[in-house]
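Working notes, structure below.
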Amino acid sequence: MKLQFSEADEHFRHEIASWLADNLRGEFEPLRFRGGPGDEHMFPEERKHWERRMAAGGWTCIGWPEEFGGRAASIEQQVIFHEEYARAGGPGRMGHIGEGLAGPTIIAFGTDEQKARLLPGIRAGTELWCQGYSEPAAGSDLAAVKTRARLDAATGRWLISGQKVWTSLAHESDWCFVIARTDPDSVGHAGLGFFLVRLRQPGITVRPIEQMTGTSEFNEVFFDEAVCEPGDMLGKPGEGWKIGMALLGFERGVSTLGQQMLFQNELDEIVRIARENGAGKDPDIRQRIADAWIGLRVMRYSAMRMLSGGADGSLAREAMSYKLYWAIWHRNLGKLAMDVLGPEAEIAESAPYGLSRLQSLFLFTRADTIYGGTNQIQRNIIAERALGMPKEPRR
Amino acid sequence: MEFRFTDEQQMIRESAEAFLREQSDPAAVRRAMATEQGFEAALWDELAGGMGWSAMHIPEEFGGLGLGAVELVALMEEMGKRLLCAPFFSSVCLGTTAILCAATNAQKAAILPDIAAGSVRATLGWMGEGRDWSPAGTSLACTRHGDGWRLQGESHYVVDGHTADLLVLAARLPGEGIRVFAVPAGTAGLSREWLPTMDQTRKLSKLSLDGVQLGSDALLGLDQDAAEALQKTLDIATIALAAEQSGVAQQVLEMAVAYTKERHQFGRAIASFQAIKHKAADMMLKAEASRSAAYYAACVADEALRGGAAGAELAQAASLAKASCSETAFFNAGSAIQMYGGVGFTWEYDVHLYFKRARASEAFLGAPAWHRERIAQELGL
Amino acid sequence: MKLQFSEADEHFRHEIASWLADNLRGEFEPLRFRGGPGDEHMFPEERKHWERRMAAGGWTCIGWPEEFGGRAASIEQQVIFHEEYARAGGPGRMGHIGEGLAGPTIIAFGTDEQKARLLPGIRAGTELWCQGYSEPAAGSDLAAVKTRARLDAATGRWLISGQKVWTSLAHESDWCFVIARTDPDSVGHAGLGFFLVRLRQPGITVRPIEQMTGTSEFNEVFFDEAVCEPGDMLGKPGEGWKIGMALLGFERGVSTLGQQMLFQNELDEIVRIARENGAGKDPDIRQRIADAWIGLRVMRYSAMRMLSGGADGSLAREAMSYKLYWAIWHRNLGKLAMDVLGPEAEIAESAPYGLSRLQSLFLFTRADTIYGGTNQIQRNIIAERALGMPKEPRR
Amino acid sequence: MEFRFTDEQQMIRESAEAFLREQSDPAAVRRAMATEQGFEAALWDELAGGMGWSAMHIPEEFGGLGLGAVELVALMEEMGKRLLCAPFFSSVCLGTTAILCAATNAQKAAILPDIAAGSVRATLGWMGEGRDWSPAGTSLACTRHGDGWRLQGESHYVVDGHTADLLVLAARLPGEGIRVFAVPAGTAGLSREWLPTMDQTRKLSKLSLDGVQLGSDALLGLDQDAAEALQKTLDIATIALAAEQSGVAQQVLEMAVAYTKERHQFGRAIASFQAIKHKAADMMLKAEASRSAAYYAACVADEALRGGAAGAELAQAASLAKASCSETAFFNAGSAIQMYGGVGFTWEYDVHLYFKRARASEAFLGAPAWHRERIAQELGL
């Protein structure tokens, strides 16, 4: 066990840092430190350009195998990439769902044809993805999916009908992956399929959800006999649950490190304000800042431990608590930001309801403990899967 | 010792409950909060003039109803439940209380009848940009100027300051402590700026005073240090605000419990899961404790207003109530969002309005840690 | 709503304060501030004498109706009594189960004969009571009572067999009230009886339980065909649950005020130490002491609100959260005591394992959140009975 | 960066796990804790001499195994799981580390081989009766006396001080900072008193030094301020103690989960109730976080012992690990008692032993709030 990076890794660090210094400037200067959680609706077009600039520099999908355009970067290199990207204030990635979720899932479960056809667009930053998991009646109960997929025998197309919700960036994306029920008589985990669906088609309507911030990062996506072309299903009918679970595993992989760096930027800003406005002299604030600092360090090393586990999207026993940990940590950070700001925390940037970054952070962090599985669901998962405690009796 | 509402108090409470359920429904709240003014004039006229709420704790000799802090607290609790958008807290709890604590009888006789009738709305400004909610945080400066006074500086976080008719302003007289002034809205040199806030249901403003000239009669009370009167005002207003938060805490509990009884997941109403039930139980635990804190503090405030012995506990009681109710309102509102799940995070559902009010009120007049430190000092630590 | 006591009440305060000043001295001096929770095993004989002195002065059972020897003291007077008793350092009452639980239950549910026969001994401080509620296999699940009562038709006696646990003062008591199953085929709340049983008889064995403090306040009580004489059953077979629930209601009544005064003494001692040893300058300790002070005030006024409710042992909706509140508060106080003591907290008073009062407090408070219904059970009760949330589905 | 145990470290860990499961079972713990000495000599001989654990982080040139803090942490974690009663923490983590940090090479060569072999047990005394666990809390006074030194005063809370062979003692030289001395147990003027403790599984003592005369060679290192060496020692020992707590936290979690799977109430294993499951989940959350904290801190301590660059983070790492692991161990042990219910409160069940150890270790070397304040200072607040 050791903390130092190898010389080769430090060379890699220099490479990405230099590239960012050379490229995150000029037209991209206004994107620095923007587009993160709670700010995802900002500068979408500019961030799409940035995605393509990243791709041109060979900095998208660096963890992918080389045969799919990646660098097969080691865990250490991916850590370094995310550190340097965040340090430079790299904007929230428009392509992160494709790079971090859709791509790895296609690599793991797709046919050669699907890989050849779908991966290049992700790698090039030209095709953006969003996810269709949650449904209105099945928030944390993923197995309660009601969206249906019907095979049109004449055309070989799957026709998808139903509704997904909490889909971020749906209005900016080209593709959506959708879990839908292929067997109308099935319940729970069985009878689901995993579909790759083009968003820009008549059968799909995207409706933004206005959040408590007054902004709309999330959407409802309505499917009315939306077409999934032949060859765009991943795996076989009935494998949807298995593929979906693996995807959730990828979600908690390396991308968490990028998230941590955003957290570090947020914490740094809060510490800076506390130093400047006198809040840092308040003993209660001092304790809470120290606690936040501890929590972030712990997250970093927990992620490192976690990443030394399986690379197939399966989660080590220890990794199951990660989502719960960061969600609570981040929610506390949002509150801390307000308390450090003091009376000024209440004042918005502009009328009618233009919130400051830290205000958005504060409000958005209330969603962290809900989406991707509520804290309650996470605790169930930990208790049942990691600790082997019995499931609750069903009625 | 009687620790329940009298029949009359109970009646006031019930009529407030009925009135607000009708008049301050979510649609009314959303209408009012979207405006810069922050309240609908007709509603104010009805609750102030019609219901007499602005006259509540003004003595009868000054045109009021001669009731006290317990009645004020009962009203504020109900207002919290309905997130009433109206200048009640600013005019009645802050402005009127300041006049009651600081002014001479002659001044009270001159000013209070209009406030009691609801035709004049007051508020209180004292603090600057700092973090100190006590009189020590007073930011305006005053100097003697001929027969009268001159005020200079800024007053921050003034509730409804941009719409009030009468601004009660504390100012620092160098070397001689605090003075409190009654400044009409139209006074020359006074400018008022509405500041948009995260909680839209209560409006804040910033006042700038550039060489404001006031006559000698603008000084409330005698020409002596008014820090104590200001502190008493703030403590009583703190208790009223705490009571409002106790109403918020209770309301979000009831909303969340009702929602979880309806919402089904995993084949059951989610209210049947222990994780949800125990969260609700903790919310009720805190809501009940906060109500006890607010009622106790109300009794002390009542004594303080009437000059009774238990009024000596005012600072402790205010800090106790604020720490307890603030923490509870924030905890309960946050927990309610969690119990609602995704929809709790939308603009469409009302729970975020309560959450934002809970946060704003938690900070206003001092956060729980600030009040606990105040208690530690009172305990001789 | 007002805080002041009436003139008559203040006169009553003077009366009890004077009596205590005149009587809690001399031979009783060593009892001052002793015998509270965690210290209940101390000075049992001396405290029995004190109980009789109290009775002689007319200061036992003051809340009982005058016809049973009480003073029919108002709630306010009972508050005052407990305040003054605690202020004077009155020792933990040996008779509190009889006075606060058995007596009120007999008054509410007993026959005239039972009242005439049983109440005087409680009132006189000569007959001490303990309670037989919990069982090893039914800790928080009171309805899972397995202790059986069989009617011996020949003698009219009930013969009781089974085991109770967590019975405090059993080795010092004359009587035990026992909930036992009269109908061997019954389950849950049905088929239970409420029995008044003499402890000193061959069919009963009391075995102390050694606690984590190294002391033994609690006992296991074994019943092997123990005799409940004809006429010593309270109510009828099948009414055991109803009576037991009412008794639990009495438990959360006025006696809570006495408990609060003990809490006040504990808090005062902790504040005193914090002033003396410098802990009071620590911002974290300051916050926690203030929080404890707030909590105790809140408890006082919550109890006052609660007591303005039903006097029949039934609990107001608001009162249901009281046990949970004080248990958590007291547990936090125990930890606070240790942290105020600082490094010295670890040092015991004497070898081999003589703990200080605050150490005992710290350890004992871990039981507060367990006995009398765990925190988890309390939350169930609040959610289901006060908030009307649905019961969990049974398997 | 590699954040997993090497194969060799993993082997050390697994052999410790197997050894302690056998040798430090509850019966052995209860036997040892009931004695004044607090450990069984045969067990010490086996784990020190036999297993070589007392040689772990002593360089090979001084008779040790030449391993480092990561190995120490791996051992301490396993010891925490089994509540090992032995002077490992006192002799290896405190005493030996102090010598490693403070002594000259010649002194190390003279002292360490016996410690490595387990034939000499050391410990460290520095603090007085106060609440300051840093070198600033040093209570003994030393003065130069002829060629040598004279020590006066009391040293409190000395782990295993009444049974150690060699007492490493920090003392204050007025105006010149701290000096560290190696004082053999039999030295004239030194008296040692065992103090019974609430946690019986680790023994504390008080040392009284009344004009203790020492030769010049008793001073460890040069005649210059040793505050930095003492601080480094304390930080490394703090990290070792934190790791032990992480073991305690993990063990009580496993015990409580196993118990609740067996215990039935309301017709179900209580482990099937969400209230129990979610508490267990929170315990695991904290246990995992604490393990990450301890391992990270172990890497930093390793660097610090070897003089590497990351050693500069030592103070932060120690405080991070201690705050995290202390809070977790106490939370988990307390939660475990709650999950056991009534029996968790009895002497018969073992969970109270863990609870008491958790509390004692939480306070020792500084409670979480103390360490968070230290981090706040490091962050420039």
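All chains are identified by letter, namely A, B, C and D, in their written order; residue positions are counted from 1 within each chain.
Going forward, a residue touches a chain if its C-beta (ideal position, glycine included) is under 8 Å from a C-beta of that chain, and two chains touch if they have at least 3 such contacts.
No experiment lies behind these values; they were computed from the predicted model shown.
Looking at A-B alongside A-D, one finds more C-beta pairs in contact between the chains of A-D.
Distance from chain B peaks, on a Cα-centroid basis, for D. The distance from the centre of chain B to the centre of chain D, each centre being the mean of the chain's C-alpha atoms, comes to 52 Å. Taking the mean of the C-alpha atoms as each chain's centre, chain B and chain C sit 41 Å apart.
Each of the following residues of chain D touches two or more other chains: 268, 273-276, 278, 369. Among all residues of chain C, those that touch two or more other chains are 283-284, 287, 376, 379, 392-395. Chain B makes touch with chain A in their complex at residues 34, 36, 127, 129-131, 156-157, 194-200, 204, 264-268, 273, 275-276, 334, 337-338, 341-342, 344-348, 352, 355-356, 359-360, 363-364, 367, 369. Those residues of chain C that touch chain A in the shared complex are 283-284, 287, 392-395. Residues 273-275, 278 of chain D touch chain B in their complex.
Contacts from chain B toward chain C in the complex involve residues 1-6, 9, 70, 253, 257, 260-261, 268-269, 271-274, 276-278, 280-282, 284-285, 288-293, 295-296, 298-300, 302-303, 308-310, 319-320, 323-324, 369, 371-376, 379-381. Interface residues of chain A facing chain B in the complex, by the touch rule stated above, are 134, 137-141, 144, 165-166, 209-212, 214, 277-279, 282, 284, 338-339, 342-348, 350-355, 359, 362-363, 366-367, 369-371, 374-376, 379, 392, 394-395.
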